[in-house]
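Chain naming follows the written order as A, B, C, D and E, and within any one chain the residues start at number 1.
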Amino acid sequence: MNTLIAISILGVLTLIAEIFNGRKLIVPVAVVGLLGILGYTISPYNAYDFFFNNMMVVDKFSVAFSSLFIVITILLILLSHEFYKDVPSTISDFVAIKIFLLAGAVAMVSFGNLAMFFLGIEILSIALYVLAASKRLDLRSNEAGMKYFLMGCFASGIILFGITLVYGSTGTFDTIAIYQISHSTTFPLWFYIGLVMLLIGMLFKIAAVPFHFWAPDVYEGAPGLTTATMSTFAKIVAMAALFKLITILLPSKLYELDLTIVVVAALSMLVGNIMALRQNNVKRMFAFSGISHAGFMLSTLLISNNSANVLFYYATAYAVAGLAFFAVVLYVTKNKKHETIDAFNGLGKTHPLLALVMTASLLSMAGIPILSGFFAKFFLLNELVQANWLVLVIIAIIASIISVGYYFKIILAMYTKSSEEELPSVPMIYAVVAVLGLIINIGIGLAPSFIYDLLG
Amino acid sequence: MENILQAIGIENYIFLSVMLFCIGAFGVLYRRNAIIMFMSIEIMLNAVNLLLVAFSTLHQDAEGQVFVFFSMAVAAAEVAVGLAILVSIFRNTGSIDIDNLKNLKG
Amino acid sequence: MEKNIALVLVLAPFFGFLFNVFFGKKAGKTLVGLVGTASVLVSFLSTLFFFSALNANPSQPVVVDLFQWISLEKFNVNFSFLLDQLSVLWLLFVTGIGTLIHLYSISYMHDDENMNKFFAYLNLFVFFMIMLVMGSNLVILFIGWEGVGLCSYLLIGFWYKNQDYNDAAKKAFIMNRIGDLGLLVGLFIVAYVFGSLDYKVISEGAYNTQLVSNNSGLIALAALCLFIGATGKSAQIPLYTWLPDAMAGPTPVSALIHAATMVTAGIFMVTRMHFLFDLAPQILDLIAIVGAATAVLAASIGLVQNDIKKVLAYSTVSQLGLMFLALGLGAYEIAVFHVITHAFFKACLFLGSGSVIHALHGEQDMRNMGGLRKVMPITFWTMMISTLAISGIFPLSGFWSKDEILLTAFHSNIPLWIVGSIASIMTAFYMFRLMYLTFFGEFRGTEEQKHHLHESPALITFPLIVLAILAAVGGLISLPGNSWLNHYLAPLFRKAHEAHHLDATAYALMAVATVGALIGIGIAYSKYIKKQEVPVQDAEMKGFASVLYHKYYVDEAYDVVVVTPLKKLSHFFRNYFEVAFSETVFAFGKIANAIGTQGKVLQNGSVGFYLLAFVIGMASILVYLFLV
Amino acid sequence: MSLLTIFYILAAVTLATGFMTVISKNPIHSAIYLVLCFFSIGGHYLLFNAQFLALVHIIVYAGAIMVLILFTIMLMNLNKENEPIKSIASVLAAVVAFALLCFVMLAVFIKAMPQIENYQSSGQDYQSIKVLGKVLLNEYMVPFEFVSILLLVAMIGAVLLSKKQKTVE
Amino acid sequence: MNVSIILIILLFGALATYFAGDKLAKTVALVISLASFVASVAILNQHNAGISSDFIYKWISNPNIYLASKVDGLAIAMMLLTTALTTIIVWSSFANQFKNAKGFYALVLFMSFAMVGTFVSADAFLYYIFWELALIPIYFIALVWGNGDVEERKRAIVKFFIYTLAGSLFMLTAFIYLFSKAGSLLIDELYLLRLTEQEQFWIFGAFFLAYAIKIPIFPFHTWQANTYQLSPSVGTMLLSGIMLKMGLYSVIRWQLPLAPLAAKTYMNIFLVLSIIGVVYGSIVALKQHNLKKLLAYSSLAHVGLIAAGAYTLSLDGLRGAVLQMIAHGFVVVGLFFAAEIIERRLNTQEIAQMGGIRILDTKFASMFMIVMVASVGLPGTFNFIGEFSLLYSLYNVDIWYAVIGGTTIILGAVYMLKMFQNVMLGEANAKPFAAITLQESLVFVIIIAVLLFFGLYPKPINDLITPALQEIVAKINRV
């Protein structure tokens, strides 16, 4: 709870800093503040607390994911400094929005009441609409914002409808009360309809097939850093929230629901990876890749043991790889209108370190050992086999094979082609974030238990 | 005081709000004018609000109505941001036809 | 002591090889020749030691066990040597003739820049040949077997700048390998049946009636496979075509490898495994038939060849056929006898032809020779003796050995005897044709050649003389009635071979054979001395002669039946199968990519469509979950 | 006039105006229909005896949101029927989707509808301004405050998207 | 001392090589690979002395995964092969001037590291990780330092990578399934599993996909020829000399003992496929214009025979397979090195542009010749021992397998001699051909020495691998 308050205050502080001309201080202060909050969040690790009439519930799950979100936000804010160099007047706005995004995210994984959940997701969405459209003079950015906004609102309506139905059948928004009612007494079937509508709304947010169409367009059009935020941060936030919702609300495992999830997950994996094959825009490609990863993460809903662990590990691995990926992409496509793969030509020669980071991230996402992405997939598939979803495992394997095809397009560009143009020198901060991503990636690959056993 | 739903029946409200919700959805699907799409979304949210109030009455519970306030706030915020985006598109293209926004595809 | 001498026997040529390879260039040609010859001579002397030891104690063959070589689940193959009567006999003439031919080569190859290499290969060959002969099991034999094949390849292609020679070398190696596969499979069957590849164990197994009757089919198959191996190495139908081509190598090579020693390996092997072949009479019949057929076929081709070495080559094939005929009739010691006499006279003939070729600076076509008798008397006389021997003229060695074969054939199967006799009549004809064309009449070569005609130096004539003497008197080792050879070899064979008594039939047959040979000589005389005929040029050849001259078109037939289809198949595989497999794999990627491309149509940028998909997806989920 | 009749009338108005909002060619007309729709929904609220909510509803939607929208329409000078003619396919798709969604949702709810004979009636006041205020500021204090962040984000966003950006050369 | 020391040497050696800089890289790499070889020999001594070099540490507690290695004679043999060949390969490339040499040699050592890891792992998970890791360096070696047209190379190498990865992912699935049964991936615990025939069938199939592609077994070989052709020689040597042995080794270590019932039931299918590969590879090799491609197809034929031997499930077959793996490793490195020497001088791989080299450099010709005859399995060379055991084991299954598989000795001679004739013999070529250097000839000398020595005295290797293989055969026969 205090995390939420602290984050909100920090957000307001950054806004105030702008007023007092502390522009240069914004990023350092935000980062230091977030680091402090991170420490503060982790410290009562094993706590299990309720705050304010059960509006917020702090447990291992929420602490772990909150911490992960904070870390990602720190990295994103670090990148902001360089990314918004050209528009210094707005940096406080961007940083503040990112911090509020984090507040929404924290609310989404520690809600004890559906109202908190709903507000959290709306803060997240609205902030992202703004960020997507934030390059005001760029029509592509406008288009991305508009598309995201229209579809996002539509999905919000569905989520709201779902919440309403849950309320209608149980008479309360409180998750614990709902849990008790759904496990003890009889209740109208609306409850399940509501649950499914919530699920559908969240499937939209994580961009699962067939609710994924917005993602490639929006990712491509949005400014680079926003794409990074959406693809790494927003996706896993939505996934974690969905996970929490399903685990809390679903009274018992339903085969039909599981099958639905299997179909959606399988479609996401296949469609995402197959569509990514023919993409020439890196961001767009990453969007499709993200769709397939959404499919993978979605499959955690099917498993009974260690599911939170698997999700957390997968999310961490995915986010870390994605951030390192974007750190390089942001640098490489800095002065380019379109983020085509050609931009990477010859990177292997000109910037071996960045190329290495990029390669590692891509390989991690493709699931090659010893990088964390491999362990994520392994843990997931392992549990899926235990849960007897061998079909999905095979589909996941096939999808992984396809995915190598497009990840390698970038690697090929980096190592076999040569570039004609000179790239500007690497901004320190990009390199730092990239290398940090690489180190974490390999680190949690070498010692997966560190992350994997966090949620018990 | 008797529950008003005794006279009308919750199912009527559900049908009403489902239909209203669908009309809103239809508007989003059918229209290409961004402003009217916004309005359609407002209709959808209102349908849900109506349902919330109906359920609130059903359960004789205030929470549903409190939730409506949040929903309104969200609607307002969405409209504010949406219109801001719309304005900036209009400045760039001079049109608010959604079909003109097809640069990102493939 | 024995072990060490055995090792000296084996390794002496190998050291010669090593010396010539590593120091040959620096050492100079004389030293190369000396070392090469001496190393073989050392082997010969060592062999003599064993020969005397064996004579002293016939029932105690020397076994030299070195180390365990190949391990298999059921048995091990040891690296060990066996020096019994058969191997020592073989070693004697291999190293003996080998020494002579080395000696001969010193002079013959003196002008070649790669003389050291020549001697290296030659030494290596002797080494492998010794290995082949001395091995105490079939796998060691196989080392030698393949090793001599390799050396043969190297020596045939010795003048490697000429791709035709390389082709010939390649052909020899590959045809040998076809036989080798047969041998290898035969080996497996033997190993499977007898649980060992050691001669001793196998021979014991072969007398185990229980074992034999249980596996009679397999044993016959094994015998067949081994025989296939022998047809490769010993140039029998159907694998004989490499031998005439192998004449591309230097003449001493032809003498040593392709006449005297290597090609007799097949006979050696069959004799070695005689206990096995005895168990498979049907295969023995096959061997006899193949041998007889080869004898007459090759002899008939030999009738019209104009290349002096080709004639000798076909003669070799034909004589080998006769040996196999003997083997097939179960007369192993007679075959061995003929091997030895054949080694003498054929080596002599080849070396003589080499001497002629040397004198003519590489000319091999007999149509361009003639009248060399006066210029090269030693060569002429030594070759004459050998020719008489090979034609079976009393009392030269060939007479005795050939006669024994025919006699045996007559006793068991008249048609085979007839075929054999025809072959030997032909032999007499073409050998004298060779002699007449080469040494009689007028010289038909160029003026420049005529100018340089001379008798070869002593290093060349000395081996000729020695061999001619041996060819003349070699028959003494196995005279009818009192055969030293039969006695010597007796410990090898369980059932004693009854000695042929010189009865009336025997004398009659001898007479028939001699008359036959004389008829052949007579025809040759009338044709080439009386009428002074010279064979026509290639293009003018007509009718059956042309067929004969083109060797019954067997090479061409093999080309059509085996080589061309193989090439076509390779082409086909490369151009279609490989592409198909490759494209199949790519197809997965292409399909995925195609779907990706088509999928872009769906991703059309229209919000309306996206929402439509959203709604449809949502509706389907609701329908599935709540309405179905 | 029974409550049910009133409900039917109100429902008819709601649906009709909502539908007109969606299909009106002129955005201004749409807006006006939408306002009518909001009012009818307010009527529903009154029917539930939720006066405060009805009031807030009218103020926020008709008062704030609709004014904002109308203001934008005026600003962009869109009060004419300039929407391009849509292709039949897209119209058809929208209609089909609408029919499908309507059918499915209604069917789902009909199937899931519980038979409620007696609606509970606590007899207590649960929707007066007093009660709502208490609930909102006691139990729902955190979300209430959280909404401020939501609005703050919206505000920053709107400013960010509208203000002129200075770029450093 | 346990076996991890070799892994450590190679891994940190790779890093050290990278940081040594371009100039020193090859020297450092040579020293490191030599050190790893020496360490392998030390492990061998330890093994002979009866001291275990195994280790086992808990790595991940949930799911139950260990860092475990079990070093038996077989693993040691493969380890020695890998380290020895790595040393030879590094040494063989001393004359090459690679761009970014530090990266190149670091990758080579890293690959060696992964391959050694594959051979010694006793936990399937660890094994899988090494298995995949080995793929990454070769991918980059082939891609960045390869030759030929860039687009063609990309196509071929990516195909190779995706294809092999696809196969191994199915193996991973099989391992996951086994884990769900056994609760651990330690090889010894997996051996204890009693699976139904149905399960074994699927697991065997999944393994087969992985290994058939890696080895490669007909018809999964389509990546091979192009990849060999387009890789730099060092890459080709690593691929053919060691990497494909990974597949064969895995067949023996993992596939057969884990699914013995399936292996026995479906043995004939795999035998037939392998033997088709032998004949097919030989026939296709007949008509290749590219030297490295020809050698690639010859490799296909040879490993087909090895695989066939392994699938006979007999001690003879397995032992022959292992012996032949080692022999083939050396021979194929020698052959590709010969191709490399020619390419260095004539700058071509096309056979049509060669010829007459023997006249210009007899020393090279002789050494090439010896390696070539070894590759066709001439008795007295190491390859003969393997080929003999393999064919014998095939004979024990069915005589026709031995006969058809045995055609390799004929067809092998046909294409090899043809190649040798066209490349080395004939009239001297117009192009100059610098004589082979001492450094280059040393490579040949070592390879030839190994081939001849073990060809005559294979007992040391035999004694090393036989107990391990007997154990494996016992496991195959346990049902």
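List of remarks:
Simple rule for what comes next: a residue touches a chain if its C-beta (ideal position, glycine included) is under 8 Å from a C-beta of that chain, and two chains touch if they have at least 3 such contacts.
Treat the numbers as computed from the prediction; the structure is a model and nothing was measured.
The chains in contact with chain A and with chain D alike are B, C. Under the touch definition stated at the top, chain B and chain C share these contacting partners: A, D. Centroid analysis (C-alpha atoms only) places D farthest from chain E. Among the other chains, C has the CA centre that is most remote from the centre of chain B.
Counting contacting C-beta pairs between every two chains, the top pair is B-D. The chain occupying the central position, as judged from C-alpha centroids, is E. Work out the mean CA point of chain D and of chain E, and you get 70 Å between them. Chain A and chain B have centres, each the mean of its CA atoms, that are 27 Å apart.
Between chain A and chain C, the centres computed from C-alpha atoms are 78 Å apart.
Chain centres here are Cα averages; for chain C and chain E they lie 37 Å apart.
The multi-chain contact residues of chain E, meaning those touching 2 or more other chains, are 162.
For chain A, the set of residues that touch two or more other chains comprises 115, 119, 122, 126, 129-130, 133, 136-137, 145-147, 150, 154, 189, 192-193, 216-217, 279, 405. The residues of chain C that reach two or more other chains are 589, 600, 603, 605, 607-609, 611-612, 615-616, 618, 622, 626, listed in rising order. Here the chains touching each other pair up as A-B, A-C, A-D, A-E, B-C, B-D, C-D, C-E. Contact residues on chain A toward chain D in their complex (touch as defined above): 1, 8, 11-12, 15, 51-53, 55-56, 85-90, 93-94, 96-97, 100, 103-104, 107, 113, 115-116, 119-120, 122-123, 126-127, 129-130, 133-134, 136-137, 145, 188-190, 192-193.
Listed in rising order, the residues of chain D touching chain C in the complex are 90, 93-94, 97, 100-101, 104-105, 107-108, 111-112. Chain A contributes residues 306, 309, 348-349, 352, 363, 368-370, 374, 378-379, 381-382, 385-386, 390, 393-394, 397, 400-401, 404-405, 408, 412, 415-417, 448-449, 452-453 to its touches with chain E in the complex.
Contacts from chain C toward chain D in the complex involve residues 608-609, 611-612, 615-616, 618-619, 622-623, 626-627. For chain A in complex with chain B, the residues that touch the partner chain are 115, 118-119, 122, 126, 129-130, 133, 136-137, 139-140, 142-147, 149-150, 153-154, 156-157, 160-161, 163-165, 167-168, 171-173, 216-218, 220-221, 279, 284.
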